[in-house]
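Letters A, B, C and D mark the chains in the order given here, with residues in each chain numbered from 1 onward.
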Amino acid sequence: MIVTYSRNAFYYETDRMDIIHHSNYVRWLEEARINMMEQMGFPFQKLEAMGILVPVLSVETEYKFPVRFGDRFEVQSELTKFTGCKFSLEYKVMNVTQDKQSLTAKTSHCFTDTSLRPVRLKQACPELYEKYMQYLRGPVST
Amino acid sequence: MIVTYSRNAFYYETDRMDIIHHSNYVRWLEEARINMMEQMGFPFQKLEAMGILVPVLSVETEYKFPVRFGDRFEVQSELTKFTGCKFSLEYKVMNVTQDKQSLTAKTSHCFTDTSLRPVRLKQACPELYEKYMQYLRGPVST
Amino acid sequence: MIVTYSRNAFYYETDRMDIIHHSNYVRWLEEARINMMEQMGFPFQKLEAMGILVPVLSVETEYKFPVRFGDRFEVQSELTKFTGCKFSLEYKVMNVTQDKQSLTAKTSHCFTDTSLRPVRLKQACPELYEKYMQYLRGPVST
Amino acid sequence: MIVTYSRNAFYYETDRMDIIHHSNYVRWLEEARINMMEQMGFPFQKLEAMGILVPVLSVETEYKFPVRFGDRFEVQSELTKFTGCKFSLEYKVMNVTQDKQSLTAKTSHCFTDTSLRPVRLKQACPELYEKYMQYLRGPVST
């Protein structure tokens, strides 16, 4: 299930190359993940209020076309792996204003307690576990 | 007692005007305050480890001359008021590379517990209280 | 004329005090200003495309109540002074989720060419000049 | 040739997990690259002054151990590929305070003109080309 998130690029996100600084796309991916959880009906702050954190394990980004100040972008996010402890997402970021694909990305994450020790989501939060199973990309049919 | 802190401006701190984004100077003031506490011999993390937070109450900045990528800047900070609960600092930020004054600023702060309730420093941390008294700007003689 | 701008606070805008870092409110004011120009029907990028920049001259903020991750905030902005070269805005930032006033702020700005030399808006961009005159707060009647 | 760059983590780089936000490490890699060019004797701003930009093509990060406020970190950077148009770096970020490896990363980049069209460094800037050849990791001997 591909979930989309969209807004305009902010002025303070630009750098002196007159494009969005590459580190800010990493922040947009986070905005999209948090928005995905809202769309799931389980806001991220609810998870953290239960003492469950979701640190980032890895990020991979490939920059293809710049986003500039005022351009509208759209992040298309998909949950591609979920083991119960860890999960991965894949993203496309579109420059909607320029009708170009700006970025592809992958991130991986785990669930931990507040001491950053791993927890299994099925035990720690069965309600979110069910939602993750539902949003997980199925096997690609041929 | 004026305390100085210096580094070069980072690339990612610029915006598409090709100058440092004005919000980043506010962050430099924080860097300078934290450095001041190191120079006092009482690092900020030691204070927070005691359960004392130091939220910002107000910021005033006046921008006079831009800092650009790679320019060296120097923050000159001075503790100008201290009541035991609250304190104020005044700053000059110099663009050292261009030999110009870039910014003047004032900030005010208070000491709180982790629930953001005010605490009196003399009781909560007498050691730092003494250092603040020592760094406080004396009455201006005429 | 008071113009409002609203969104939720992002995760990456928090700091280890578990509140939005004070420098990020300064960025929210910029978001609100740029949104105001969109609401005026004269997007900021159109002005910059004409070679007119709008550097920040000063910022004053007073922090009253924290915004936390996920809280919705609203910036209420008003153009309070406009001389043709310079202008000032005043802001209230509401924590909508907590129904509290979070911040009051003022900023001042000028219009410049790309070399950061002042320009008069009436000559440089009469269309925006008219809009500014229209949005300017009138004398307070008694 | 491994080049090191080091500083303490800033307060405003933390998030409410009480660790450095993962996007900020991406900025640290940039700081390290720019520092590498200074160590090469060819500051980045000199290259940009020649009309040569160096956009980021890709970033890969693997987070292993958090850096917290006040921790000293060290970025160890190495130029691992260089084709004349494109280059790659590999990084280790150490949490020096905790004596742990915090992050491994790779980034790739290209040289472009100010319209973001690729340029060959040998023609565009032979002096830097020579330095890159000199810093490039040699074939691993067995």
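By our rule, contacts are C-beta pairs under 8 Å (C-beta built on N, C-alpha and C of every residue); 3 or more make two chains touch, one makes a residue touch a chain.
Since this is a predicted model, take the numbers as computed values, not measurements.
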- request: Among all other chains, pick the one whose mean CA position is farthest from the mean CA position of subunit D.
  value: C
Task: Averaging only over C-alpha atoms, locate the centres of subunit C and subunit D and give their separation in whole Å.
output: 35
Field: Cα-centroid distance, subunit A relative to subunit C, in whole angstrom
entry: 29
Field: Sites on subunit B at which at least two other chains make contact
entry: 11-12, 16, 23, 27, 30, 48, 69
- prompt: What graph shape do the protein chains here make by touch: line, ring, star, complete or other?
  reply: complete
Statement: subunit C contacts subunit D in the complex at 11-12, 14-16, 18, 21, 23, 68-69
Complex contact set, residues of subunit A against subunit C: 7, 10-12, 27, 30-31, 34, 43-45, 69-70
Field: Residue ranges of subunit A touching subunit D (in the complex, touch as defined)
entry: 16-17, 19, 22-24, 26-27, 30, 48, 53, 55-63, 66, 116
